[in-house]
Amino acid sequence: MAEDARDTRATLALLAALAAAAAGAHALGEPFYVNMAARVAILAMAAAGLNLALGFGGMVSFGHAAFFGLGGYAAGVAAWHAANQIPLASWPVLVPGTDRMIVVWAAAAATGGLAALLIGALSLRTSGVQFIMITLAFAQMFYYFAISWPAYGGEDGLPIYLRNGIEGLDVYDPFTFFAICFVWLAATLAGTARIMRARFGAALTMARLSEARLASAGVDPFPVRLTAFALSGAVTAVAGALNADLNGFVGPSALSWKMSGELMAFVILGGVGRLGGPVAGAAAFVLLEHFLGAATERWVLVFGALLLGVTLFARGGLLGLLAGRARHG
Amino acid sequence: MSAALALEQALNGVQLGVMLFLAAAGLTLIFGVMGLINLAHGALFMTGAYACAFLTRETGSFWLGLAGGALAAAAAGAAVELLVVRRLYGRDHLDQVLATFALALIFSDAARWIFGPQPLWLDPPAALSGAVPLPGGGAYPAYRLAIIVAGLAAAAGLHALIARTRLGMRIRAGESDREMVAALGVNVALLYTAVFALGAGLAGFAGAMVGALRSVQADMGEPVLILAFVVIVIGGVGSVKGAFAGAMLVGVTDTMGRALLPALFARIWDPATAAGAGAAVASMLIYMLMAAVLVLRPKGLFPADG
Amino acid sequence: MAEAALRVEGLSKAFGGLVASDRVSLDLRAGEIHALIGPNGAGKSTLIGQIAGWIRPDAGRVLLAGRDVTRLSPARRARLGLGRTFQVSTLALPLSARRNAMIGALARAGGAWGFVRPLMRERALTEAADAALARVGLAARADTPAAELSHGERRRLELACALAGAPRALLLDEPLAGMGPEGAAQMTELLDALRREVPILLVEHDMDAVFRLADRITVLAMGRVIAHGPPAAIRADAAVRATYLGQDDQPEAADV
């Protein structure tokens, strides 16, 4: 389909621009901007995870901070146990902490995916506003839990003194770390595109557009939605783990409702249901935050006003401007 | 736990419950009549608190501050409805969520801008600064008791308003059939503004009362918003009766959990662990309650649409 | 006698005090079109909802080829061979006619759990969809988004979606609604031929079409079956005449 092709081209162009910006900053010896590019890649990946549920599946989750934060805590907790040489669990089997990124990613994906499976199983019994309220409420549950549970820093959060590592890579080199995040982002987008073109994507699309038709064709919408929601949570959680490693810190703010709102804003700002939308949205946010945040103390106010303006007056998002009219009307 | 302490905690639970009801009633009315989800509702709660603190400081009268807080929130609600929310009725929930989330950010940052990053402190009025003796030997702060009474009175007033007045009749009609209301020649635009202002005013009234209990800060609205959502999901979206039941349930469960769980856990673990685990589990209790309701009655205890 | 493709036994459903279905029994046999008619509010939609699985009956059973499906979900019933169309269109408007029809074939050709191979390269799906589109005369419109089809074409696409699932019994809820005379004639002809492939339970307000198509007719009023039999007998039935003639909005149509 022509629209798909245009969407793909816009996405590839955005990825190329992001990679070029990071490479340029690296060549000019500006690690700060390389890290900024890594932040864009991570937030874009988290939002791309949300986009699978929200944009493609029509599930308006206001609780994806839960998965982002859980992924971050998975990284932080694993690293804390490794650094302090205290096993994570001693029964029924001894589970030591770990500082290996690959294990951390798997743990983050499993934690986020499992949490999404549980939250999804409960909240997908409802729809509409109830779904929004419930996802938000459950995310907030993790937030309050993180604040009141003193073992991993409570309100102060958990520092990660040594970044988790991968054999053979210098993860402290900003460009190497950016490359890791970038590969994750690209893989997420490619995987999403692939899934959405396959049977599962067709069923998910139909669950969004016409649930009754899908059920009448013999496919239960609930497990399709739940699977998409769990996948979505797992992806966002891996992004959360990367974010914790980038910042050397994970705290309750990663779980807060503002985080959920921001992730949602990236998806909408970029263009709902568009593959590259989250990249455009995250990049715009990070750039605005950097330049406007330097210019005014009232960055939050300005961001709120921008978000309000875009929501009210510019439907279709940034990619809508880049790649033509809004998808799916 | 002694009987007096238990009674005190139960009263605290009811006090939290009536506050939550005042916040949730507006949310659920606004959804019931206009089909709108409003994430800026917590910001209106905060507006009431700031207006009350400001007016009390300027005029020296808490009562003027209290009335001003409710009115300021209602006015802010009306303004928000006229300028922004009006454009969102026909939109999908996604746009509503995003736009009202943006409003919440704007309100809280504006409050920080105007009143500074430090919290404001507001004292309860002198007449209510004492304590009331409780049966069984304890004593309970008069101001908290007054909140309970005021909250219950507001709930009764709201009930009478919806059941007995012309505005209430239109609200009920709007809940059951939106097109019908317009067809009957009711000025729908005015009705919507009135409902939004009413909901905002109730939230502002609650905010003003809570302000004197704790401190007044820019982000005080967000936990209230979340709890109000839990209340609404438990009670049934769009149902004022459900909001009342849900609010009481959440208020009492949360308060009792925080009071009882650490003590309960202390019988199993050492005091430090028990305190931490108790607080953490207590913070999750109402969400477990919500999950249980979702499993048993996905539409809430009092579903509005039967 | 061979097992009925679809059998309904004593279905009852009340909403509060309102009895929407009152011990309704009927069956659908191979090769036939069985029409379900009745004035507005007679309980046709509630009955269809219970047969398809969207509404849970208070009492009674639904049997699909002899198998009790009363407690199964709509999707399970569809997988067991119950196809349906809706009174109000359920097409995915942004998607092409072919994509819509392919969804119809999804469960029969392996289900939703494919994450890798592109849909358009799934031969089983494209072939089933194209065959169904050809069957309803929409082969030339396969790549057109449903939104751009005419009303009559959309009704036929709905039918194609159901046919793509190779149903063993078909529930059609007012397939002629809103159609002009030409579209109605086309659809009537299509249904007439279709009965040899799959038996059809037809809910329809167009009495011309009903009396032309139906092998048997069941008349529902106030949730109850008031008459049942071949078209000629129904036309002569006093109870039916009373029910329809008593209705202002259903004048001579039943009287043809």
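Labels A, B and C are assigned to the chains in the order they are written; within every chain, residues are numbered from 1.
The rule we apply is simple: contacts are C-beta pairs under 8 Å (C-beta built on N, C-alpha and C of every residue); 3 or more make two chains touch, one makes a residue touch a chain.
Not measured: the values here are computed from a predicted model.
Enquirer: Taking each chain's centre as the average of its Cα atoms, which is closest to the average over all protein Cα atoms shown?
Expert: Per-chain C-alpha centroids compared to the overall one single out A.
Enquirer: State the chain with the largest centre-to-centre distance from chain C, centres being mean CA positions.
Expert: Computed centres place B farthest from chain C.
Enquirer: Quick one: chain A and chain C, Cα centre-to-centre, how many Å?
Expert: That pair's centroid distance is 43 Å.
Enquirer: Using mean CA coordinates as chain centres, what's the chain A-chain B distance in Å?
Expert: Comparing mean C-alpha positions, chain B is 31 Å from chain A.
Enquirer: Approximately how many whole Å separate the CA-defined centres of chain B and chain C?
Expert: About 48 Å, centre to centre.
Enquirer: Applying the document's contact rule, which stretches of chain C touch chain A when the two form their complex?
Expert: Those residues of chain C that touch chain A are 52, 54, 73-76, 78-79, 83-84, 86, 90-95, 99-100, 102-108, 110-120, 122, 125, 161-162, 164-165.
Enquirer: Which bits of chain A are touching chain B when the two form their complex?
Expert: Per the touch definition, chain A meets chain B at residues 54, 60, 62, 122-123, 125-126, 128-130, 132-134, 136-138, 140-141, 144-145, 147-151, 257-258, 261, 264-265, 268, 272, 298, 300-301, 303-305, 307-308, 311-312, 315.
Enquirer: Under the stated contact criterion, what part of chain B meets chain A in this complex?
Expert: Against chain A, chain B makes touches at 31, 37, 39, 84, 87-88, 93-95, 97-99, 101-106, 108-110, 113, 222, 226, 229-230, 232-233, 237, 276-277, 279-280, 282-284, 287, 290-291, 294-295, 298-299.
Enquirer: Once bound in the complex, which stretches of chain A touch chain C?
Expert: 194-195, 197-203, 205-206, 209-210, 212-221, 224, 327-329
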